[in-house]
Structure formats: structure tokens, C-alpha cells
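Consider the two complexes below, in which subunit A is the common component and subunit B and subunit C are the respective partners.
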Partner chain A sequence: MSAAAAIAPPAPVSEARRSGLALVVLLIAPIALINALGFLVPVLNLARMSFYEVEPTGAMREVYTLATWLTVFKDTFYAELILNSITVSLGITLLTLVCSYPIALYLHRSSGTWRTILLVLVISPLLTSAVVRTYGWIAILSDSGLVNNALSAIGIAPLRLMFNKTGVVIGLTEILMPYMILALLAGFGRLDPRIEEAASTLGAPPFTIFRRIILPLTLPGIALGCLLCFVLAVSSFITPKLLGGGRVFLLATEIYDQAIVTLNWPLAATLSILVLVIFGGALVLYTRALRAIM
Partner chain B sequence: MDERPVSLTLKLMALTMFVFLLAPLIVVVPISFSGDSYMMFPPSSWSLKWYPAIFADGKMTSAFWTSLLLAFVVTTLSLLIGLPAAYALVRLKPRGSEAMSALFTAPLLLPTIVLGLAILIVFSRYGLLATFQGLVAAHLVVTLPYAIRVLATALATLPIPIEEAAATLGASPFTVFRRITLPMMKSGLIGTTALCFLVSFDEVVLSLFMTGPRISTLPVAMYHHVEQQADPLVASLSVLLVILTLLVVLVVDRTSGLAKTFVK
Partner chain C sequence: MTDRITAPAAGQAGEGFLSLKGLTKSYGGFAAVDNLDLEVPKGELVAFLGPSGCGKTTSLRMIAGLVPATSGRIVVGGQDLTEVPTHRRDMGLVFQSYALFPHMSVARNVAFGLEMRKVGKDEIAQRVKEAIALVHLSGKEEHRPSQLSGGQQQRVALARALVVRPSILLLDEPLSNLDAKLRDEMRNEIRDIQKRLGITAIFVTHDQVEALTMCDKVVVMNQGRLEQVGTPVDLYETPKTAFVAGFVGRSNRLKATARDGVAEFAGESFAAQAGLSGPVEIMVRPHRVVLSAAGADATAGDHRVSGIVARTIFAGDILQYDVDVAGQIVSVELATRGGETVLQPGAAVTLSWRRQDVFVYGTAA
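Our next item is the complex of A and B:
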């Protein structure tokens, strides 16, 4: 670019800059248009809609009111819904961390073709539809599924593993594992085998090495993975809906029901903004945690 | 990498967790060969009837063609819109290019349930709900951030001296881009294509807000099917989809390296 400009006869600076600017505008215009129409305008409109009035008939009027916000804060159903969403998501995040850590550590220690194969195994679920994976969990957890058929074969009474929180937690934990594994792997760069060797030479048992060296060094990766999984758990919808069978009430499923079934858009908008507020809170906690670790 | 031998405890733990991670994908394989009319595991009898059943199901086949066409259109548009934008942001570096990159990738930060609702409300005013154009626009909102991110990385890592040499030898900026830059960023282009295609083809939450009785995508049709009855039809369909995904992943791995595309 700069070389081409050097050969060309020196144009007045302002004109060159203007034609450069025109080119930039031309190249960026399409994406800016999609971004504005499909993201900026809808999101700003969503914030506005949460203040619209809903008549008792269910019709919506373009009159600004705090009624929806007050309902959400006063009605204990919504307080429970929010609390439920946060606690369930925290539980899922913790479980995902425990399940993902061994895989990530093992991947970090492996190399060559074997590592590539394992990495494909980790990433493939990520690229498979959540509907497919949730269907797989229905096959495992339902009354006539793998676990309950195995239990009845050895004479144990069947367990209720679906259409309740247990099913949602198991399914979402597995669905979020690839994200956690990739986040942990990204943070494992600081792990130096020589430090572990030194500790081992000095007589530290394996568990002490893990607790005193590996774990502290991988905390940044853990923090990132937990932030990612918490945020995804709060906003996930397909798995809670199918494995919860309408009996597990979470923010995301309630947003969908209010938007599609009840058609109370101001309420759905208000709950959406609450989800974003929870995201913000998680981000603040993450930043604080990171500052404390580093 | 790490030269420390991997302890047996870690091996066993990793193996257990791998089984857990892959369990839902593995169980659909035997179920897809079930001879039962409803889903149970293990199946009481075996048959191949659920594979032809997919093609006899009008809802699933029409949803499949919609999804395929949608993914194709969305991927093409993502490349056509994303590449000029990435080029402008990385190479021409206008004032505020960092802020613009942040804005253009911001839709990924928003949960799709919130984005879906926001788009539903605005699109409903313009009669875009349950239309192909509406689905294309909604999918572009989430595929463009991926496109711009991968393409910008690919552009930023190219050696600029080769392009400068071509320009010095008299090639016009467009010729330099077409003959030098594009071929050199081949792996980035393949990665973007695969990523946009899979994101669009698998997208379900946004599509749930945008579809209706008139038009449906495959993930949405499968979602509604599973919601009503969990029969082995979805299992055989899932097996076909997993094979499709693995093929895409293998192609990406062969051409540009999986690790490079997904793990930075």
C-alpha cells in the first residue's frame, strides 16, 4: 500500500486521506449496517421495551411505566427464579471445573498425534448441536434409558433423573465441558514441568505438588473457564427446556416462555436485562479474582 | 510439551471424564439402529428403519434443505461482508478501528436468548419473522463476529513485504489483494467458512425466535420433535449430523490445522 502510494505522484494530503476514508467507509458499510439493524437497534429497543405498559388484557402500549420492573422486584416468584438461576449455574460451573480439569491437564501433558486426536474429541461435541447432545442425555437419563435400565437389571429401584434439576445439571455440565477445557488449556501455559520436578526431588508427594504448585499456577485459567461457563449456564435454554421438561424454572426458559407463549414482551425484556446485569456482576467478580491471583 | 510421565491416577480420571463427555454422542449410535417405536436403551430389537424414516418425514427434509441453503447463503455473505471489513480494520487502520472491531464482535458477548428476543421484537415490525431473509439477517449477526475475528487474525499474521514487493513491481492494490493476499490467507478463509457454516447450521436459539409454521430449520424441527416425542428418528438424524460435523472438522484439520483454528 505505502509503496504504491510512494510511486504515485504526490497528491495533496487532504485529498489522499479523503479517498482513503471513502474506501474504508465503503468496505465497512455492509457490516456496520448488519450490526446496527441486527444488534444495536434491537438491544436499545429491548431496554426501552422493558418500560412499556402492559394492559390487563395483555396488550402492550407505548406508555412508559416502571410497573414491569416493580413486579419483578416485588413478586417472590421472580426473586426465586433469579436466585435459582444463579445457584444452579454456580453448581454447574463448579461441577464442570471438576470434570474438565483432569482432561485439560492430561491434554497439556500429551503431545503429537495423540494430542490432536484428543483435541478433536474435545472440540467435536462443541460443534455438535445442543439438541443432539441433549437428546443423547435423554437416552441416558430417561425412565427407559441407559442408567435406569442398568439399575433395574441389578434390582435397584429406578431414579428420577429427568424433568428435574438433576437432569439439567448433568446435561449442562457435559455440554459446557469443552469450553472449560479450552479455557483451562489456554491458562496452562505457565505450568513449568521443572518446578514440579524440583518439588518432587525435594520429596513432595504428588497431591502436595498438585495443591501447592499446579493448582495455584493454573488459577487464571480456572477463573476464565468459570466465568465463561457461568455466563453460558445462566443463558442456556435448550438443555434446561428439554431435560427440565417445563418443571425447572430458570431465567432463560422464562424469557422464552414470556416472549413466545405469554407474549408479554416488556416482562421478557426486563428479565433479559437482568441476565445482562448478572453477566456484569460475574465480570466484576472475575476481574477482582484475577487481580487477587496475579 | 511437558516431559513428566503422566501418573496413572490422572490417566484414569481423564479417561472417566472423556467417557462422560462423549457419552451422549456415543449412545445415539446404537439407538439409531433400534427396532422399537419409542426410545429405550438398550433397544429391545434392532433394525435400519429409522434411517429411511428421516427421508420420509416431510418436516425434517424440508427443514434440512432450508438449513443447508441458509448455511450456504449465510457463509457466503459472511465472507463477502467480513473480508472487506477485516481488511479495512487491519490494513487501512482508520481512526477508531479498535472500537469498531469491538462493536462488530460485540454480538457474541450477548446471550443468544437475549439477542433472539431483541431481534424478534424489531423484526416483527417489518414482517421479517418466519421468512428466509429474516433468518439470514439474524444468523449474520452471530456469524460475522466469528468471520471478522478469524479473518483479522489471518490478515494480521501475513508477511507484508511480499505484498509491498508486488506493489513495487506495478501491481494495482486490487491485484495485490487478489493474487498475493487472498492465496496466502487460504487457511484463514477455510477456517472462517467452516466456522460460519457450522454456526449457522447448528444455530437453534435465534432460529427458534425467527421460525414459525411456515419455515423451520433442522435444529428447530429436531427441538420441537424431541419436545413432543423422543423416538429413535432423532438418533439416526443425529448420527448423520455428527458424521457431517466430523467431516468438516477433518477437512479443516487437514487444510489449516485444527489447533490453529480453534485454540489460539
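Our next item is the complex of A and C:
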């Protein structure tokens, strides 16, 4: 408190607000600094790199050109790549939602030790790396894997479950389910058994209660879970790489190939920026959706 | 939905519109509601009164179908509803927590039950309007529940339950979340609306004032069992059990010993149940005790004991003396009229009361 404030009595209110603001800035500063250095600077660097010229040898020259961007926009391969990434990720998100929703609803309604046990079970897959879990899926889905062995044992022709979209979708769905369940649970706050009972006494049969009461009240959780899983699906590359076997073309795997295999860094940078744009779009959709349902 | 219960006819004379027959709910070996028998005539407002955990809410939830009965029958208007699921029971339930649909406007909340009954659009609009007017919320139709006060939310809940013209209106502690002033207001309003519509209603409460002032009949419950059913006057003037005497209104509970149907306390004999022997409680209400200075000729009352004032509490309208009689405290309440001498602790007094104001209950069990 400054001396001026002590002399002029009406001042303290704005003075207090100013010192409150200072505290907020002080508390935000560290994370803002880390984000600026660890995220914003590399992203800007990436953006700059996307305009560098690349030679057929793979050498990168610090000469600015629009060549890479024009290639990406003109070549239908990239348009397909982007569209494919978005549709596969949306499909994975939807499947994850369908598989996770009943589990989250059950978890929300359980209580006590049972709830704790279930929560630990839901979170425990996150303790294992996605690489290990993906190899687990390979053991299940491969041509001589668990599923196909079982099928051949009962005389059914083997199914192609790996090195295609099916494998990627199955693997990623399972890997993303813990995130979806946790996001759904976080968004189930408005759900109240009394409200469902009220609907029931007013004559609503179970499915109507779900459609008119439970589903609308859980939309915030659904929106949050879908945003999270979509972003994670678009950016995941280990699982698509292993289960797709190089035959499923997605943005993340293509960025990896361009950066590590082909060594075309400007192209990798351009595609990375496009991924960011897609995330931005998803975020805008999420905020709009949230405003519409709240 | 052809199997929905439509406007049931009134039950035959002598039989209740709502009958509970041996209704029981057990959790493991514990009976939350134990063999409850009750007949509720059409158009009556009946209170389920008791302390928390007495089984009153469980009984209400069984009537609504939200909790399956372990055994016993629930019959409404001659129809056995015991196995009928909640959404086909045609009952209106008002919750303590209101339980409004937070994502719907007031009008949509009220319309919900009518939509479930496939009522026509125009009729829904008309009936919703009427129901909202009935609870004095006209003009708030498009508000969200979160924009309303607690009292207004409870009115919406009431309108939502009433608009479908349920066979029975169930109220589960509807006033407990409201502040004292609003509670008085809502109490009168619920009573008025219930009388005007002539609807049969069950009112669950732990508040004896609510039960006594609002309801035609009061069902006192304790530990899953029905203690007594009667009008508020019955319960207050002739409580059948020590629990009812203690729970409904305030009572002095004096420990004494009975021999062959006569209880002795402070040299005075009190008639107990014929042949009753052993420890008993003598109960008398504080405002039915007449207090006079020791030695004065106390003519009023059949029983007379003497004691010493231990404490004087002046509360404006009420003057309370805690009097030490033979080592036990007897509270006496006097309505102040102004000008009376306030006795100080240590004063010797004589207490007297009439025979019909004393209840003696065995406590041997």
C-alpha cells in the first residue's frame, strides 16, 4: 500500500484491484514464459522453416519460397491425406465415445471402494506406454494373432485386421478410451439421480430419460472428450505407424516420414502447421458447441 | 400407452384411496420399513412424520416405485401398483432438492409430464400456463431454473408435478431447503392448492410443526414401524406411545417406578396401564402444568407435587421455569400476560396438572 493511498481514503478499492491484478500477472508469468519459450518459439520457427527452399538432395537453404506450400495445396495427395486424417480421427473419436460413454456413466453412478477400484482400472492403461500397448494389439490382430487363430479354429477365413485402417482404428480407440472416460466424468457434473427420478415419475420410460435428460446433461462432457480424443488421434503416430504398417496414410505418420526418412524438413514443417490449423478449427467448433448446449 | 392409469374412481367407503398392505423394505437383515399398513382416503393430505432414518422417505419412494418393495402391496383406487414401473404409476413427486431439469426453461419443465402423456400441443400450452399461474410464476416461463430463487424453483417443481393431474401427489421434505419465512409461505400455499384441487397427497417431513399445521392426518414412524396414525389433535392429546408423546410437541419425561398399574413420583400416584410394573416414564407437557407459590391453595389439577425453581427463562411471550421435583427437572411454560412476578431460582413452588394431561409409558423393554 503506497503512501498516497493512505492519504486519500477513497483510493484503496482501485489500489486493491491493481495489486490483485499484479498478483494474477505474477502467478501466470512462469507458465506464460515456459509456454513462450517451449512452444511458441519452436512453432514460429517451424512456420519459418516451412518457407525455406529445399533441394532435391534434401539440403535445406535459408531462402524463402512458397514452393512447399504450393505443392501441398496443388497435389491432391495432400488434400486426400488431410481429409483421410480428419475422417479417420473423427471415426476413432466417435467409436471411443460409444465405447467409453456407458463405462463413464456406470463409473459416475458407482460409489465408495468399488468406484475407486474402477477408476484405477480405467487409468491403469496410461501407466503403460502406447508402444507396448500397440504391440499388444499386434499380438491380438495380426494374421497369426489371437483373433485369427480363434477364427481359423472354428473354420472361418482369417480377417485382415492389421496394416489397414481397421487395425489403426481398433488400436487407437482402446488407447484413447482412458482419456475419453476421464473427460466424460469431468463433464458429468450436472447429472443427478434425482433429476432422472423426477423424469421417471412424470411418465418418462428409461430410453426417453436417456434421450431427453441424461444425454443433454452430459453434452459438455461429450464435447470435451471428443475434442481431446480428436486432437490426440490426429497427432498420434506410433500406433498408426505400427498397426498401419505404412499402408495407412495420415498426417502424423507423413510428417514423421518427411522429417526422418525423406529429410524434407520444409514439407514436414508445412504439414505440422496444417495440423495446428486443424486443431484450431476443432477448438473453435468445441467453443461454439459448448455455447450452444450450455 | 393404454395401460396408463387414468383418473381412478374413488375407493369404496371405509377403504382408502391409497392402501399400503404390509409394505416392507429390507436391506440385508435390516428392515427400513417394517410391515406398514395404511389407508389414505381420497383428497386427504397425510404427513409421514419421524426422525431421519425412520423409513418415511423409503415408504414414499416405494409408493412412487423408485424403490422396489421387499414385500407387501401398494393399491391405488383399487389397482395394485406394486409391480408397475414408476413411469406408469401416474404420481407426482416433489423432491427436497427440487430436481428440476437444468437444461430446460420453466415452461419446458412443466410441459415435460404432458409431453410424456402425448397431450396435444395446444392443450399443453394451456395447461402449462394455468399451472404456472397456479404457483404465481406467470412471466417466468422462459427462465432457466438456475435463474430462480429456491422458493421459485420449488414452485416450478410443484407445478410440474400437478400439471399432469396425478392420482397422488408425493412431497418429499419439500420445504426443508427453504428459509423460515419462505417455508411458512409455501406451507400455506401447498395446503391451499391441495385443498382446491382435492388431490390426495403424502407429505414426508421430520418437522412436527409442518405435519401438525398442514395435514389432515399424521402418520408417525419410528425405526421403520408405524407408531400412530391420527389427526394432529389425536396425536397431541392422546399419544399412544412414549415415542409419539416425545416427538410430537414438547414433553417432560419423568422417570418413575410402577407397581400393579400405579406409578409413584414425588409422593404422588399416577394411573398407568392396568397391571403394569417396573420402570416407567411419566409424561406431561410443559404448558399443561400449573405453577403456584408453595403453600398457596392450588385447586386446579388432579395431581400435585412440590419443588424448587432451578432456572428461570424469560422468552418474552413464554416464561419457562425449570423446577426441581424430587431430583428431576419439570419444565413449566406460562404464557406471559404482563405484570406477573417472575420467580427467582430457589423459590418453593407447587406444580399441578390434570389427570388427562399425564401419560405413563412402560420403559422396561
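In this section, the second predicted complex is superposed on the first by the 253 of 294 C-alpha atoms of A that agree within 3 Å, B and C clash if a C-alpha of one lies under 4 Å from a C-alpha of the other, contacts with A are read in each partner's own complex, and residues count from 1 in each chain.
Rule of thumb we're sticking to: a residue touches a chain if its C-beta (ideal position, glycine included) is under 8 Å from a C-beta of that chain, and two chains touch if they have at least 3 such contacts.
Since the model is a prediction, treat every value here as computed from it, not as a measurement.
Trainee: If you stack the two complexes on chain A, which partner ends up touching A:Ala67: first (subunit B), second (subunit C), both, or neither?
Mentor: Neither partner.
Trainee: Report for A:Leu21: first if it touches subunit B alone, second if subunit C alone, otherwise both or neither.
Mentor: A:Leu21 sits against subunit B, while subunit C stays out of touch.
Trainee: For A:Tyr135, is the partner it touches subunit B (first), subunit C (second), both, or none of the two (neither)?
Mentor: So A:Tyr135 only meets subunit B here.
Trainee: So, does A:Leu263 touch the first partner subunit B, the second partner subunit C, both, or neither?
Mentor: neither
Trainee: Between subunit B (first) and subunit C (second), which does A:Leu217 come into contact with in this model arrangement: first, second, both, or neither?
Mentor: second
Trainee: May I ask you to decide whether A:Gly203 touches subunit B, subunit C, both, or neither, giving the answer as first, second, both or neither?
Mentor: After superposing on A, A:Gly203 lies in contact with subunit C but is clear of subunit B.
Trainee: Which holds for A:Leu151: it touches subunit B only (first), subunit C only (second), both, or neither?
Mentor: Touch status of A:Leu151: no partner.
Trainee: Could you let me know whether more residues of subunit A are touched by subunit B or by subunit C?
Mentor: B
Trainee: Show which residues of subunit A both subunit B and subunit C reach, each in its own complex.
Mentor: Shared contact residues on subunit A: 197, 206.
Trainee: Contact residues on subunit A for subunit B in the complex?
Mentor: Residues 1-4, 7, 20-21, 23-24, 26-28, 30-32, 34-35, 37-39, 41-43, 45-46, 49, 99-100, 102-103, 105-111, 115-116, 118-125, 127-140, 142, 144-146, 149, 171, 174, 177-178, 182, 185-186, 191, 193, 196-197, 206, 231-232, 234-235, 237-238, 241-242, 252, 255-256, 259-260, 265, 268-269, 272, 275-276, 279 of subunit A touch subunit B in their complex.
Trainee: Sort out for me which residues of subunit A touch subunit C in the complex.
Mentor: Residues in contact with subunit C: 190, 192, 194-195, 197-206, 208, 212-213, 216-217, 293.
Trainee: Where on subunit C does subunit A make contact in their complex?
Mentor: By the definition above, subunit C touches subunit A via 4, 64-66, 85-93, 95, 97, 99-103, 112-113, 116-117, 157, 160-161, 164, 170.
Trainee: Provide the residue numbers of subunit B that touch subunit A in the complex, in ascending order.
Mentor: Residues 1-4, 6-7, 9-11, 13-14, 16-18, 20-28, 31, 38-42, 80-82, 84-85, 87-89, 91-92, 94, 100, 103-104, 106-107, 110-115, 117-122, 137-138, 140-141, 144, 148, 163-164, 167-168, 172-173, 176, 198, 202, 204-205, 208-209, 219, 222-223, 226-227, 230, 234-235, 238, 241-242, 245-246, 248-249, 253, 258-259, 262-264.
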